[in-house]
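Given below, in the form of C-alpha cells, are the structures.
The two complexes that follow have chain A in common; it is paired with chain B in the first and with chain C in the second.
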Partner chain A sequence: MNGASVAEVDRPGVRWHALSRSLRGGLKGAEYTWALAFVVPYLAVFVTFVAYPVVYGLWMGSEPSLYRELFTDPIYERTVVNTILYLALGVNVKMFLALLLSGFFMRPGWWTKVMLLIFVLPWAVPQISTFISIHWMLNGEWGFLNNALYQLFHIEGPYWLNDRWTALGAVIVSHIWKWTPFWTLILLAGRMAIPLEIRDSARVDGATGVRGFVHITFPLLANLYLICTLLSTIFLLGDFNAVYFVSGGGPANSTHVLATLGIRDAFDIAQPRLGVAAVMSALPLVIPLVIVLMRKLRTTEVQL
Partner chain B sequence: MAHLTRRSLLRGSAAIGATQVLGFPHVAKAAATTATIWFAQGFVQDEDVALRKAVTDYEKASGNKIELSIIPFAPERQKIISAITSGVVPDMVDSNPGEILQLYGWQDKWVDVSDVVDSQKGQFSETALQAAQAYNSVIKKREFYGVPLRAAVVPCHIWRSLVEKAGLKVEDIPKTWDAYFDFFKKVQDNLRKQGERKVYGLGFQVTALGVDPYNLFMAFLVAYGGRDIVTKDGKLHLDDPKVKQAAIKAVAYIGGAYKDGYVPPSAINWNDADDNNAFHAKLMVMDVDGTLSTEVAVKEKHPEWYYKEIVTHGVPGYPNDNAGKPLPSIVGYTNGLIPKGAKNVTVAKEFLKYFIQPKVIGEFVELGLGRWLPVMPSLAKSPFWQNPKDPHLKGYVQQGLLGPTIPDYYVFNPAMAEVRNQQVWSLAMIDVAKEGVKPEAAVEKAFKRMEEMFAKYPIA
Partner chain C sequence: MSTLLADAGVASSRALAESRRALRRRRRLSQAGVALLSVILIVWSIAPIYNMVLISLEPEGDVFTDHIWPRVPSVESFWGVLTQGHWYLEHFWHQFANSLFLGAMVTFFTLLFGSMTSFSIGRMRIRHGWVVSNAALLTYVIPASFLAIPFYRIMQNYGLANNPWSVIAALVAFATPYAIFVFQEYGRSIPIEVDESARIDGASPVQIYRRIYLPLMAPALVAVGTYALLLAWNEFLYQFLLLSTKSSMTVPVALAQFLNSDQSPWNYMMATAIIYALPPVAIYYAFRRRMTAGLTMGGVKG
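So, the complex of A and B:
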C-alpha cells in the first residue's frame, strides 16, 4: 500500500487518485497526452462507424410492433426456411468443395497453377454482373442454358426460375460457384502452412493418401475449417446479391432470404424500420455464431 | 529550421482544428444560397443534359447555386428513404418512387409547396394536380406536397411484323377489351401453326417483381368496372359487388391467359426490364407496359423498328371497355418534393418555380425523347408531340394527358402503395396462373390482405 494507511485509502480524494491512475494505465504527463492523441482518433472512428450504426440499427428495430407486423407477413415464414437452407447448403457444400479442391491445388506441376488461375476467375470478376448473367442464362425461353440443351440434345429445359426449388437451387449454386475459389485459397494457404516435416514423418509412418488426410491434414486444418465455416455463415446471412440478381426473390416472393426481405421492406415498401426488424430477426442465429467464433479464435491449441 | 516538438505538434493540430471550426460560419453563409437537389438518372443521356441545362440556366438567372446529384434510379430511391429516415435531407428530390409523396406525406415529412404549384396552377392537368396532393395524418388534411414535373401512362406495344406474319392486320384489332386481347391469342395460334416454337401472344407481367404487374392488373380492374375500388376520399370499397366482380374477372383473364399458354412462361419471374427485353427479342406479339421506353430504347439502333415495326396503342388504339365505352388511363407522376428539415427551402422552391415554367419543363420532357409525358395540356400541342412523322408520340400524349385520365390509387390512400409494393395482386394472379387456385379464392385472399393494409391508414 506504499505506506498509506487504511484511513487514507478510504478518503474520497485518495480513491479518486487511485481510480485516475488506474484509468491512465500508469502513464503520466506527456506520455498520457500522447497516448490520448493516438487513441482518440481510433475511438472516434470506432464510435462513428461501428458503435453508432449498430446502436442506431438496434434502436430502429426495437419496437415490438415491428415484429408483430413482420410475423404476419405471409412470406416471412418461407423466407426463414429459405435462409436456413441457403446457409446450410450454401456454406457446407462450398466449404467441403473448397477443402477437397485445396488438396487438388497442392499438387505440384505448372498445369495446376494454370488451373488455379482459371479457377479463381469467378471470385475475381464483379459479382453483380455475373449474377445478372446467370439470371439471363437461366431464362426459360431465350436463356443460354435451355437453348444449348435444345440445340445439342433437343431437350426442352425446365423454367429454372419459375419454380421455388429450382430458383433457390440456382441461387445456392451461383453462390457456391462464386465463393468456392476464395475459400479454396484460404484452405490452400492453411495446407501450405502445415510443416513439411510433419507430412514427411507421417508418410514414413504409412499415413499417405486418405489416411494422411484423415489423421494429419484434417486435424491440423480443423480449426481453420471451422473458423472459415463460421465466418462464411455470417457473411452469407447478410448476402443480398445472389438472391436479388439471380432469382429476384421470385417466383411469387418464394425465394427471399432475410437479407433481401429486409431490403424489400426498407426500400420497396419504404418502411426502413420493418426492414431492419427483418434482418434483426436473424440475431438469435448470429449472436451464438459470433460467440463460438470468438471462442475459437481465442483457442490456444496448436492448430492452424 | 525550428525543431518539431511534441508540444509544437499538439499546438499545430489544435490550431488547424480551430481554423476549421472558425471557418465553418463561412460555409454556412455560402449555404444560404445553395440548394442540394437529387434527381433520378434519365433513361437516355439527353434527359440528364436537359436537367443540367435547366439547373445552369436557373443558376445564371438567380445567382443561386444548385448542387445537383443525378443518381441511378434504384440507388436514388434508397438514398431518399435513408435520408428521410435519418433526417439528414437534401433540399429537393424527385418522387422516386412516385408513392413516397403519399407515404411520407402521411407522416408529415414534406414541406407544403402550394405556393409553387399556384405559380402555374392553371397550366397543370386536373389529374396532375390531384396526384400532387397527399393526406397528412398529423394535420388530418390533404395538401400539395408535390410539384408535378412529368408523367407516364401504360400503353400497349405491338409488333406489326408478327401480327402480319400471322396473316392478320393491326388495323383489324378489335376495339373492346376482351376481344382486343383475344386477338393476340389468335395471332399466337396462327404463328404456332407456322412452326414458330416460342412466340407468345401476350406479354402479361404475371410476376411479383416491380410495378408492371400492378399496373397491368389495375388496367384490367378499371376496364372490368372496378374503378371505385378506392374513392377520392381514401375509402376502400371491397364490399362493392362491382369491384369484387371486376377483380375476379381481371385475375381470371390474366391468370387464365398464362395458364393457357398465351404468356411467356418466364413472365412469372420477370423483373421490370425483362418484359422489354422479351419484347425486343420478339418473344411476344404485344406488351402492356408503362412509358414509351420500349420504343425509345430502339429508336437509335433500330430506326426501322421504331418507325415501322412497333405500333403503340395509346389513343387511338387502347381498347375500350367491353361495352365499348372509352376507359380512363391510370397516370403516374414524378413530383418535385422538399423534405422537412431541408436547409434551403427558399432556393428549392425558387428552383421549382423556375423549372415548372412551361417552356423549361416542356423542353426537359421532350429532350427525354418522349419517354415521359408533360403534365400541362398546353405542352401537348408542341411540334414534338404532334410530329406527324412519329408513329408513337401523338397517341401516347393523347392517352396520358389529353384523354380521360385518373391518378394512381395510392394518391387517394397510401395503403394502395403497400398493396402495390407487397405485390398483393401479383400473388393472386400467380395463384390462379400457376397454383390452380380459383379466381374467387385468390381475390378473397387478396382482399383480406388489402383490408389489413388499409387498417394502418385510416382517413377520417
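So, the complex of A and C:
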C-alpha cells in the first residue's frame, strides 16, 4: 500500500473521529472523569516517587560548600576519571561489538539461532548472580581465571582486583559482558527492519560485504545506533551493580564511579548531602543527554 | 571456426572451475570464521556462569583449590540451600518469598498503572495527555540510582524503611514509563473504531478497558510483565538500602552481605545465586520472542 492511499483511507476516519467528538462535545462529564481517574494513579506515583525525590535531592545538594569539599577530595578526583573511562570504553566498545555481532546473527541457519540462545545468557541471568561470580572468578589466589591461566598456559595471573587499573578494567569488561547481548538484540531488530528490497538491490549494484555495510546498512541504522548509544550512556552512568559487586569500589576507594561514590558517601561515611552532591556533579552531562534523548525519542515516536 | 569455439569453451569452463574453486575456498574460509567466532562467543558468554556452577558443585572446604573441573561434584551445597542447612542460609526461603512478593507486586502494579495510563492517553485521548507522556519519558531517562539517597531519606521520614512497599513503589515508578511506551505503541495497531462502536453500544470506559482493551493488549502485557519481573529481580540498590532487617531482606541483599567477608561460604553463595537465577532465566526463555518484540517496540525504538 502506498502513502497516498493510506492518507485517503485515513482522512474519513479522522473526520469521523472529529465529528463524533464534536457530537459528544469532546471528553466531557463522566467520560472525562473516567479518563482522569485512569491517569491519576500513575501521576500520583510519578509525583510522590520521582518528582518529589528529584526536588528533595536538588535541595539536599544545593549548598555550595558541599562542592568545595567534594572537589578537594582526592577520591572524588579519581572517581571522575573512572567515570569518564567507564563511559567512554564501556559504552563504545559494547555498542560497536553489538553492531558487529548483530550482523553475525543475521546469518541464516539453525546454528546462528543456537548461538543466539547461548549468547543472550549473560543478559538473562540476574546481575547479582553473575557479578558475584565474576568477583570470585577474579580472585588472585583461588579464582577460576587465574587457575585456568595457570593450568592451560602456565601463566601466573595477577591479583586482578588489587590494582586500580586491572580492577577498573574488570568492571568495564563485566559491564560489556553483561549488556552486549541486550544491545545486540536491539540492533538485530533494527537490521531486520531494513526492507529486503533495499538489501537485494544494493547487492545487485555490487554493495556487498564491507561496502554494503558502510553505504547501506550503517546509514539506515545510524539513528537507532545513536539513540542506543545515548540511552546506554545514561544507563551506564546510573549503573551501580557492576562496580559494587565486581570491584566494590576498591582497592582503597580507587575504582568508584559517581553512582557508587554517592552511596558510599551517604551510607559508609554518613554524609548524605555529600553523596547527593557527588551524584549531582554529573548533572552537566546528564541534563544535555536527557534533553537530546527526550527530543529524539519523542520525534521518532511521532514519526511512527 | 569450430576449433575456435571449442577453445573458447575450454577456456570458459576452466574459468568457471576456477571461480567455483574460489567460491568454495571462500565458503570454507567463512565457515572457519564462523566456527572460530562461535567458540569465542561460547567461552565468553559461559565463563562466569560456568564458574558459578563449578563452585556450587564443590563440597564445603574444597572451594580454595586450583582445579578448573569439578573433581568430586557434589550437590551438597544445593541441598544445604534448599533445607536452610547453613547458618548463613537460615532464612533462605523467607528471603526467596520476599523476592517473589516484590517481583509479583512490581509486575502487577506496573501492568495496572501502565495500561490504565496508556488507555487514557491513547484510547480516550485525554486532554494534555502529552504532559503525562513527557513525565514518563523523563523518568525513563533519569538513572534510578541517582535518586536513591533522597528516596531513602523520604522513606525514612514516612517510616517506611524496611517495608517492602517502599521498594515496590520505587520500582513501579521506574518500570511504568517503559510500560506506557510499549502499550501506546502496541495500541496503535488496534483500530480506535473498536472502542467507538463499543461506546455506541453503551459500554462504559471501565467496561471498554476491561473487556476490550486488556484482552486485545495481551501480547504487550506479557512482554511488559516479563520486563517488570526481570527488572525487580535484577534490582539491588533500593532493596539493599531499604530492606536490611532479617524479616524484610530479599535474596540479593542476603547474597551481598557475605561478599566481602573472609568466611564467605562460596559454594553456598554460588548455589544460592544459581537458584535465584533459575526463575528469570526460565521466564526469559519462555517469553523470549514476546519480550524482544516489546523491547524494540517501546523504550529504544529508532
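Here is the rule we use: the second predicted complex is superposed on the first by the 253 of 304 C-alpha atoms of A that agree within 3 Å, B and C clash if a C-alpha of one lies under 4 Å from a C-alpha of the other, contacts with A are read in each partner's own complex, and residues count from 1 in each chain.
Here is the rule we use: a contact is a pair of C-beta atoms (placed from the backbone, for glycine too) under 8 Å apart; a residue touches a chain by one contact, two chains touch by 3 or more.
Predicted, not measured: the structure shown is a model, and the values here were computed from it.
Placing chain B and chain C on a common chain A by superposition gives a clash between them.
Shared-chain residue A:129: touches chain C; no touch with chain B. Of the two partner chains placed by the overlay, only chain C lies in contact with A:238; chain B stays clear of it. In the superposed model, A:214 makes contact with neither chain B nor chain C. By the touch criterion stated above, A:34 is placed in contact with chain B and with chain C alike. Of the two partner chains, neither chain B nor chain C is touched by A:287. Legend: residue contacts after superposition of the two complexes on their common chain; A:266 is shown touching both chain B and chain C.
Using the contact criterion defined above for the overlaid structures, shared-chain residue A:148 touches chain C, although it does not reach chain B. Of the two partner chains, neither chain B nor chain C is touched by A:198. In the superposition on chain A, A:248 contacts both chain B and chain C. Here chain B and chain C are compared by how many residues of chain A each touches, and C touches more.
Listed for chain B are the stretches 4-12, 76-84, 94-102 or 184-192, of which 76-84 clashes with chain C, judged after superposition on chain A. Residues 34, 60, 141-142, 248, 266-267, 272 of chain A touch chain B in one complex and chain C in the other. Residues 6, 10, 13, 77-78, 81-82, 85, 97, 99-100, 103-104, 198, 207-209, 264-266, 268-269, 271, 274, 278, 281, 283, 417-418, 421-423, 426-427, 430, 434, 449, 452 of chain B touch chain A in their complex. Chain contact summary for the complex, chain C toward chain A: residues 34, 37-38, 41-42, 44-52, 54-55, 63-68, 112-114, 116-117, 119-121, 124-127, 129, 132, 134-154, 169-170, 172-174, 176, 180-181, 184-185, 188, 192-193, 196, 204-206, 209, 230, 233-234, 236-237, 241, 252, 255-256, 259-260, 266, 269-270, 273-274, 276-277, 280-281, 284-285, 288, 292, 295-296, 299-302.
Every residue of chain A that touches chain C in the complex is listed here, in rising order: 13, 17, 20, 26-27, 31-32, 34-36, 38-39, 41-43, 45-46, 48-54, 56-57, 60, 101, 104, 107, 111, 115, 117-122, 124-130, 132-137, 141-142, 144, 147-148, 150-151, 177, 181-182, 185-186, 189-190, 221, 223-225, 227-228, 231, 234-235, 237-241, 244-245, 248, 259, 262-263, 266-267, 272, 275-276, 279, 282, 286, 289-290, 293-294, 297-298, 300-301, 304. Chain A makes touch with chain B in their complex at residues 30, 33-34, 37, 60, 72-74, 139-142, 159, 161-162, 167, 247-253, 266-270, 272-273.
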